[in-house]
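Please find the structures below.
In what follows, chain A forms one complex with chain B and a second complex with chain C.
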Partner chain A sequence: MVEAILINGLVLGGMYAILAVGFALVFGVAKILNMAHTAFYMVGAFLILIMTIMLGFPSLPSIVLAIAIMGITGSVIYKLFLDRVKEHPVAVMIISVGVAILFQEVLLIGFGGHFRGIDPFVRGFVEIAGIRATYQQVIAIATSLVALVAIRLLLSKTRVGNAIRAVAEDREIANVMGIDVSRMCVITMGISAVLATVAGAVVAPIFMVHPLMWMHPLTIVLAAVVLGGLGSIKGSILGAFILGFAETAVVFLVPMGAFLRGAVGLSVMVVVLLLRPEGLFGVVFEEERL
Partner chain B sequence: MYLEIKDLTVLYDRAMVLNGVSLTVGKGEFVSLVGPNGAGKTTLLRAIAGLVKWEKDTLKGTRAGRITLEGSVKFDGEEVTNLPAHEIVRRGLILCPERGRPFREMTVLDNLRAGAFGCKDKKVVKENLERVYHLFPRLKERENQISGTLSGGERFMLTIGRAMMSQPKLFMIDEPSVGLAPKVKEDLFARVKEIYEQGSTILMTEQDVSFAFDLAGRNYVISKGHLVGEGTAEDLLADESLRKTYLGL
Partner chain C sequence: MGSYLYQLYRGFQGEILAVPGRVIALIFVTLLFLLPLIIPHPIVLKIFSLAAIFAIFAASWDLLSGFTGQLNLGQALFFGVSAYSAALLNIHLGVPPWATIPIGAIAGVIAGLLVGIPALRLRGFYLALVTLAFPIILIGVIFVFPDITGGELGLFGVDRLSGSRVLDYYIILLVATASILVMWKLTDGRSKIVRTGVILHAIREDEITARASGINTVRYKLMVFSISGFFAGVAGGLYVHYIRIAGPSILELFFSFQPIIWTIFGGIVTIYGAVAGVFILYPLVELVRLHPVGETYRFVLMVLILIVVLLFMPQGITRWVRDHIEEICPRCKLINIRTRRYCRACRAPLHAEK
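This part shows the complex of A and B:
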């Protein structure tokens, strides 16, 4: 039981963490709450489903292609719909929810409301220190970790990463450094959609793929970034793992716990907002003016 | 003229912050802009740097976005009035903001790298970095420190250093001495002088009139969005009413 919670918690927490990082990144840089974030995850998973199951492509190229397509889609959606309204939080909210629902409807029309499985990319089990896990679970955990490390390196070591952090901290001064703020937001949105697709790729073979799968992770991602403190990437990763484990524990330990999954994230969000509105690593946003 | 500003007018909503300001800076000149609090000095530099336009464009449709911006800015023979802020920097016109404004959660080195964003040639970036470290050895010592924890003087060095990384032709320095101890101030002005003598062109705003007049060859006095005086330090100080009303000397 404990082993099962550990493995499943890591898988779930890792996936939530990649999703939460992408969401937090867009919030920090473009200052928008992108409610369509987990819809990218869903569409990414569907693309992989279409390519592997329906078209019979091999797994790895399908995933790479899906990631590329979604990266571009994320950037284009930002550029077309969100960039021009980003100073109006309500408009951003409505438009991004609209985009998510649009994806959902298109998928419902195309695929119906069925739950579909994707075959594991690799079959079989391993035993590490007496704990049994499927290869697919190990791959999921490892991929999450690699993605988190990669995004960290991208932000800290590269020229564009440096510029993205600059925009996140002070847009006005970033401008004066010759950084095109709007372009950095477009790039960040692309990166965020790439991360969402990676999350979709790692869990698609473990969970089911269906046109409503964006909703539950969205509440979790919101809860994770609230828990970690809006704008803190480190905090949102921690928040995601806490929620991943909390959810897994509820599913395994509480009778009929599977039905309570959705409540976990929401309860955590409410409690944190009441006790510590700024979250665990909360930063107060104050954009200074000259 | 190197930098030529004509009839620059800025209104925030209905508040007139700049009222038809025209000024020029010649190549290799050191020009100061002095005036009391709220005179519009910062706004003038922001408008030249393209930030007022950026603010207007990004905040379009919100209350804070009701900004009127008129007039023209020419730099090095090119009209830059309607260029986006990040393009203006590429032309060599750079703003060193009030209180330094480092990216506070980034290290000193990362701040300098942000300044070098427009420069893709790694060799040139490295050379510029060495120049900055040569001028401000303190920055090299503090390379890996988070810049939010720098002292006021160090913050100023970082701002100038960061600006130098983008290979500027004209520095606009906004109130460098604000909030600094007299000792630090003196050192700071020596640095500004050094940079100027190395062949830069400088437009500097300053509340400390005596310091500004010491350094600059020509000065403008601004009050309530109007230019009320222009000339060398002697000219301005000779004008009794100007001296008493606007310079507080």
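This part shows the complex of A and C:
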């Protein structure tokens, strides 16, 4: 039982962490709440489904291709829809909800509301210190860690990463320093869509793929990002793992827990925020004027 | 008597006929009241009854999030709490609709206070994301107690509002008109009788300054949460007695987004914008649904319209229309039709040379 909670919690937490980092990046840099974020994750999973099962491509090339397609799609959606109305934050939010529903409906028309499975990339299981895990779960956990380290290196070591952090820190100063702010927003959106697709790729064989799969992760990712403190990447990763473990523990330990999996994560968020309104790693603003 | 009627007519002419936006509103409301005579088709009546219910719902969101700036992504909580309390009372205790709807609205007020008190500590996006959590938490609770709440299937067999569809329609329309008028008056910033409108605007624009000006912002925020909960609760009670099922779908994420979509589409911070958004988008989607092809593509159509309209009119459709047919006099602030060159009251030139 404990092992199962550990493994599944790591898989789920890792997936939420990748999604939350992408969401937090876009919020920090472009200052938009991108509700279509988990829809990218869903479309990424569907692209892999189409390529591996319907077209018969091998797994790895189709994942790479899906990541590339989604990266471009993310940037294009930002450029076409969100960039033009960015002075109206609520309109941006509603347009991103619209984009998510559009993806959902197109997939519903194309595939119907069925649950579909994807074959695991590697079959079999492994035993580490007496804990049994399928290779796919190991791959999922490893990929999450690699992706998190990679995004950390990208942000701290490269020129683009520095520029992105500069824009997140202070738009005006970044602009004065010669950074193309709107280009950085487009790039960030691309990176975030890529991260979402990575999450979709690693968990698609573990969970089912269906056109409504974006809603539950969206609420959890929002909760994780708020739990950690908006704009703090470290915080959102921690928040994602907390919620991932809370959800897994409830599903395994509480009778009828599967019904409560959304409720528990969100209750954790509400309680934390009531005790610490700025989140775990958020910055306290003295009576900030927005 | 004759002169009094004449006075009334002159007032009508000056206050309503001279302002194109109000003429459109008047024609629209008149048509709604005549609808059962013009198109007595039951499906049309059903669509417009539901649209009137959702208009209250969307306006209640606009009151809370538009006017007061307390971005609430979980408006479905108030609607759902009221709908479930009305349904439970009606099914288990046999309380008739005329009593369950007010009780449901009071349940909405309590839900509003329960969200509003913790929300005092939070602002901006934090508030938005915390409020989003509450309806989803409630869904979990509903699923865990299926014996009482009906679980995934919901509660069936709630009593009808009245015996006939036409009577249902008129009850809903009257309640909706009254609720929306009350909300409109409460938020009217220029009103000389009710002060709340200008205070709510002040809280949204700058809460600290509002507090420094001696406004008890805590009291007003809680008041708005409970008023918004009340009207969302009225909508929820009407809905459950009209549709006769209370299911968990009314607490889902999409149901919370719906009033936001309608309000932003119609125009935020204007109660009439929320109403217009509902009455444009909802009947459109439902009428398209009647056709077999439209059944599959209805949400695609709705979303495309939403995105295109917001890209070109980010302030919403009613604001855009108003800006193109009305002109506020620069001197006396009276609203004039755009075609006039001079103000109808003070004769100041309306279109200053640019």
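We adopt the following convention: the second predicted complex is superposed on the first by the 283 of 290 C-alpha atoms of A that agree within 3 Å, B and C clash if a C-alpha of one lies under 4 Å from a C-alpha of the other, contacts with A are read in each partner's own complex, and residues count from 1 in each chain.
Convention: a residue touches a chain if its C-beta (ideal position, glycine included) is under 8 Å from a C-beta of that chain, and two chains touch if they have at least 3 such contacts.
Computed from a predicted structure; not experimentally measured.
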More chain A residues in contact - chain B or chain C: C
Partner chain(s) touched by A:75 [first = chain B, second = chain C, both, neither]: neither
First (chain B), second (chain C), both or neither touched by A:269: second
Which superposed partner A:256 touches (first chain B, second chain C, both, neither): second
Touching partner for A:232 - first (chain B), second (chain C), both, neither: neither
First (chain B), second (chain C), both or neither touched by A:88: both
Partner chain in contact with A:215 - chain B first, chain C second, else both or neither: second
Chain B versus chain C as contact partner of A:144, first or second or both or neither: neither
Shared chain A surface residues [contacts with chain B and with chain C]: 87-88, 288, 290
Complex contacts: residues of chain A adjacent to chain B: 86-88, 159, 162-163, 165-166, 169-181, 288, 290
Residue ranges of chain A touching chain C (in the complex, touch as defined): 27, 33, 81, 84-85, 87-88, 90-91, 93-95, 97-99, 101-102, 104-106, 109, 215, 218-219, 222-223, 225-226, 230, 256, 259-264, 266-267, 269-270, 273-274, 277-279, 287-290
Complex contact set, residues of chain B against chain A: 42, 45-46, 49-51, 54-55, 58-62, 65, 84-86, 89-90, 94-95, 97-98, 101, 103-106, 110, 113-115, 117-118, 120, 162, 166, 174
Footprint of chain A on chain C - complex, ascending: 71, 118, 121-126, 128-130, 132-134, 136-141, 143-144, 206, 208, 252-254, 257, 260-261, 264-265, 268, 296-297, 299-300, 303-304, 306-307, 310-311, 314-315
